[in-house]
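The two complexes that follow have chain A in common; it is paired with chain B in the first and with chain C in the second.
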Partner chain A sequence: MRRTFGQSLSLYGGVLVIVLAIGLPFWWVLTGSIKLPKEIIQRVPTMVPHSFTLQHFEKLLQASDFPIYLLNSMVVALFSTAFTVLLALPAAYAFFRMEFPGRNALYKTILLAYAFPGVVVLIPLYGLFAKVGLTDSPVALVIVNVAFALPFSIWMMRSFLATVPREIEEAAVVDGAPTTTILIRILMPLIAPGIASVAIFAFISSWTEFLFASVLIVSDARRTIPVGFAGIIGQYQIDWGLLLAGATAAIIPVVALFALVGRWFVSGLTDGAVK
Partner chain B sequence: MKNTTLAFAFVSPALLFLLAVLGWPLVQAAILSFQDVGVIGSEGHFIGLGNYATILGGAGFWRALGRSVVWVLSNAVVQTLLALAAALILNQKFPGVRIARTWIILTWIVPTVVVVIIWRWLLSSSGGMINPLLIQAGVIERPVGFFATREGAMTTLIMINSWRWFPFTTLMMLAGLTRIPGDLYEAARIDGAGTFQRFKRITWPLLQPTLMVLGVVGTLLSFNVFDVIWLLTAGGPSGATQTLPVLIYETAFKGYRLSEAATISVLTSILLMGFAFLTTRAMTAAEADR
Partner chain C sequence: MMSPTRFLTIAGFAATLLAGTAYAEPVDLTVWHMEQPPHRVQRMKELLDEFNAAHPDIQVKQEPQSWGEVYAKAPAAFAAGNGPDLLFTIPDFTTVLKGIDVVVPVDDLVKDLDSKHGFVEATLAPYKYDDHVWAVPAYNMAISLWYRNSVLKAAGVEVPKTWSEWQAAAEKLSTDGKSGIGLPANKQLYTDQTVYSFMVNSGAGDLYNDDGSIAFDKPETVKAYDFYSKLAKFSPPDNSTWTWGEAEACFANSSCGMILQFGVINTYETQAEGDAADLGVAPVPHADEQSASATISYSNAIMLTTKDEAKQKAAKVFLTWLLEPANYGRFLTMEPGLFLPVTNDGAKAESFWSDKTVTKYKSQVETMIANSQNGKLFGFTTGKVFPSIGAISAQNVIAETLQRVVVDGQSAADAVKAGQARMSEIAAK
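And then the complex of A and B:
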């Protein structure tokens, strides 16, 4: 099918608008992080940087607590990801490949948990964590992050499990392989994209989590990036260069991760969406 | 494969975990709402429905509820329109469409605090890009403070939140669009239907199920938004952007009225669960009709 000139024009015009609407703010942040302070706050902003400096990144890495926040965020995100995958995989397999009484009701309850406001359980959770001595501990953050990533992760595995023909498992059963072996040896490689999607979702959820990290973590040395940054934003004199460099540095890990497995993540997100 | 024991063994770790971290605290919140706990960790006494009388009798809860409704509805409208336009574009074939479909989600995968930094800076009156752009375009004469007025703050927040979330919605809609058989469009074209006719008669009606699911999920998700609001306006100016999650947070951690916050939490949960229950029932009924 060929497009008329008008159709092409509106299509590419639309594409351009989307690219600009999403890309331009990131471009400004990226370029802003290497501008000299006086160019950053210039009255007439520059599209392409006229100056070049790494002073903001130097300050970020040497004079701020950013490296500590980065490390904390990394540790919390990696553990959250690992536990989310460990819990979500078997649960998703049982929900979508096995029969058991109460399956539908349980599945719906878990889905409901996904849309549940975190702030509602924040107050009682704080009390519970205080009782067992887990406030101001990254363990508490991992527990919370896993709980909030889990429902969506189970749901996302659905479309990936659906792509595996049942015959493969049935053949393995005939051969007398125990179910756990089937799951680990045969199914795992086939649903690797799904596992990657769940992992990236869990990582991103943890990487961005602000609410619980702001309340459960008290000491500065244990803060994650979102909360650490919020502290800097709240200061009276905002050091934009430092913040833009920090924003750039906080974007890099998720973008790198996404560049590797983003395509699968998007398909997991969309294929599960309809039915 | 029928192996009930094994199935339960697979499901129970996740289930028990969710029960402990989300279910049990919910029960705790309910208990807390019948007590008079102030500061975290202090002892409470049973006071019956006292908190509920205070909350439901005061204006704060109802105002926050009203703001939440405005917030959810505006976000729904803005995001649906943006996402529909973007999804229709990304549903076409053009060079780079795969890349576009993946990377459109960029705004959603970066930390909220980064989104906050981006927009605080772009909208600031010193060095921000938006004010000079608007002045050049002749929309405004001098730099404006986007968060200075009540309406301005709310509108700006809705726009920023929509910017963050519409790519997510776009991908969901795209999934719905790709499920519409291409033959339908072909047949309509042969019958002489124009672009608009095809949209009205095929795309729009067949997209309804997707839109309904998005309506429910999107409502719940945007209702829950806390960090963007908190980090940009902290509910201000003078409470203009104080939605229910912000009110709960403020009551508990700034006002040190823990039991009252728990009461608002319980009321909020009842509202959301009622909404989820009614809408899913309506959707099931609509599905049965087709």
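And then the complex of A and C:
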């Protein structure tokens, strides 16, 4: 069916508004990071830079600990992602396919845990980690990140598993495949987009986590980007160029991840949604 | 004659003692401070390296924290037994930690340092209560009125000294889409600070009565809020979201004719590329019937938070070293033009005045130091300190009261009345 001119206008107009609403702040951050300080703080912002400098990136990489924060964030996010996926997949399969007493109650309880605000358990968790010598350790962050990402990841993964026809599993059972083989050899390839979605969700949750990282990590050398970066910015005096350069550098890994597996992420979300 | 066994035992014991003395482990001190920007961390590192090299028996290391998290983080760390030995503070934070019994009084040390360097009384007063001194003042920050000489001259405006002059100046400077003044109206600490700068200049500096009841609702407070709301009309419309950085940017890009700020020198110098001679700073104007200006000042200090006697002794050596004029100026100039001296000899120290930025903005820094001597802080003005000030500050009740006037349109009298009720409610808990 052909669209009328009015419909097309509305459609493209709507798309343009959305693109501008989402894209303009990014554009402002990206271009701001290469402007001279005087241009950044101008009363009327310039959307197209009138100046060019890499001084903010130089300062960010040479005079601050940003590269260390970046590395720490990478390590924590990658381990958090790996453990989340490794735990969410079998857990979701168990909730979806296996019969055991209290299955539904446990499933609901797990989702309830997702609704818990982190700040409620912040201080008790600090005490707990301190007792086992895990404060100021990236291991503590990985544990917390996995614990908070897991409930929603299980829920997502369960939805993806539900899209796989039962007959495929039954055929594997008839051929004598054990549960682990069915999960690894049959189901994993079929729900790869779902696994990618969970991985991206876990990665971004970990990448942007601030609350626990700010309290559980004490030394500068172990800080992750959100916390380290907040410190770089300062309180009473803000170096706007440094702030924008840091924001630009911080989103690069996330953008790269989306570029690699973004298509899977979208199809994964859609597949889960239409079941 | 001594038996060989006995001789060997004694010799072994003596050797152990000697070896222990020769290779005694240095006393390790951990300092938590909230000066996280890279250049401040770097300057602290330089100072600590120098101190550690000169004192091989003491090793001090820094762990920079953030003001945003330290209120939750420090109590948790102390509860878990891994808190710092020295902790930077501001007066209301000290009340929080004193409440959990981790702060060690420093009466003797402060007495020694005072006799040696002479503390500015306004910086010591917020830490003197309950018969002790709870922290060693380290640097001061005070709000001043900032403007550009050329802008005032072009508008035919003199530097305002009283509120009526101030209002007239703000009106005249509000031209060509520019704001005469940039005042925040956010429910945030910066607004607490600017509003209190008005309160101390109308005679409403005391938040508490002697018995600990709230003394907020009085004509002087209403007058301060009323005037603030009038002046805020000459501020940019987004001022209800402002923190310090936005106000500073507004001034740096010449959108705001005047602002109230602790310091703008660094931003003015590095981001606005302004002319040093054009930057003006003055005391915060006072109400017409008052005779002199006052301001809000934050005396930042260092608390001793270790019960270990060897560490306490080492910490005192470190703090004494830090306040020596030869070192102290370099400590202050980790943020030149913002951190002000708390000692009389520190204010004259060559190490402070020889800093490149301080030299360039000498007259402005001199005015800032003079202003800081008349500084007060809400909740710490009567010599008695009540624990509820921590919650009143943390919940930004002073700024919340302003929002009732500026955002909700209440009268200043009604808003202050509600503020009094809110503070009383917090104090009663």
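By our rule, the second predicted complex is superposed on the first by the 253 of 275 C-alpha atoms of A that agree within 3 Å, B and C clash if a C-alpha of one lies under 4 Å from a C-alpha of the other, contacts with A are read in each partner's own complex, and residues count from 1 in each chain.
We take it that a residue touches a chain if its C-beta (ideal position, glycine included) is under 8 Å from a C-beta of that chain, and two chains touch if they have at least 3 such contacts.
Because the structure is a prediction, the values reported are computed rather than measured.
Peer 1: Once both complexes are superposed via chain A, do chain B and chain C end up clashing or fitting?
Peer 2: Aligned on chain A, chain B and chain C clash with each other.
Peer 1: Contacts for A:22 in the overlay, against chain B (first) and chain C (second): which applies, first, second, both or neither?
Peer 2: Touch status of A:22: first partner only.
Peer 1: Pick one for A:117: touches chain B only (first), chain C only (second), both, or neither.
Peer 2: Once the two structures are laid over each other on A, A:117 reaches chain B alone.
Peer 1: Who does A:171 touch here: chain B (first), chain C (second), both, or neither?
Peer 2: After superposing on A, A:171 lies clear of both chain B and chain C.
Peer 1: Between chain B and chain C, which one contacts more residues of chain A in the superposed model?
Peer 2: B
Peer 1: What is the contact status of A:42 with respect to chain B (first) and chain C (second): first, second, both, or neither?
Peer 2: In the superposed model, A:42 contacts both chain B and chain C.
Peer 1: In the overlaid three-chain picture, which partner chain does A:237 touch, first (chain B) or second (chain C), both, or neither?
Peer 2: The answer is second: A:237 touches chain C but not chain B.
Peer 1: Which partner does A:64 contact after superposing on A: first (chain B), second (chain C), both, neither?
Peer 2: second
Peer 1: Considering only the touch criterion stated at the top, classify A:218 as touching first (chain B), second (chain C), both, or neither.
Peer 2: second
Peer 1: Which partner does A:14 reach: the first (chain B), the second (chain C), both, or neither?
Peer 2: First partner only, chain B.
Peer 1: Which region of chain C runs into chain B, 5-13, 41-49 or 239-247, after the two models are superposed?
Peer 2: 239-247
Peer 1: Jot down the residues of chain A that show up as touching in both complexes, chain B in one and chain C in the other.
Peer 2: Residues 40-43, 122-123, 126-127, 130, 215, 230, 233, 238, 240, which sit in both footprints.
Peer 1: Going by the contact rule at the top, pick out the chain C residues touching chain A in the complex.
Peer 2: So the residues of chain C in touch with chain A come to 34, 36-39, 41-42, 63-69, 72-73, 76-77, 79-82, 141, 244-245, 248-249, 252-255, 261-263, 266-267, 270-273, 335, 338.
Peer 1: Within the complex, which stretch of chain A touches chain C?
Peer 2: Going by the criterion above, the answer is residues 37-38, 40-43, 59, 63-65, 122-123, 126-127, 130-131, 135, 214-215, 218-220, 227, 230-241.
Peer 1: Of all residues in chain B, which touch chain A in the complex?
Peer 2: Where chain B meets chain A, its residues are 1-4, 6-11, 13-15, 17-18, 21-22, 24-29, 32, 40-41, 85-86, 89-90, 92, 94, 98, 100-107, 109-114, 116-122, 124, 126-129, 132, 163, 167-168, 171-172, 174-176, 179, 195, 209-210, 213, 217, 220-221, 223-224, 226-227, 230-231, 245, 248-249, 252-253, 258, 261-262, 265, 268-269, 272-273, 276.
Peer 1: So in the complex, the part of chain A that touches chain B is made up of which residues?
Peer 2: These residues of chain A touch chain B: 7, 11-12, 14-15, 18-19, 21-22, 25-26, 28-29, 32, 40-45, 87-88, 90-91, 93-95, 97-101, 103, 106, 110, 112-113, 115-128, 130, 143-144, 146-147, 150-151, 154, 169, 173, 179, 204, 207-208, 210-211, 215, 225-226, 229-230, 233, 238, 240, 243-244, 246-247, 250-251, 254-255, 258, 262-263, 266, 269-271, 273-274.
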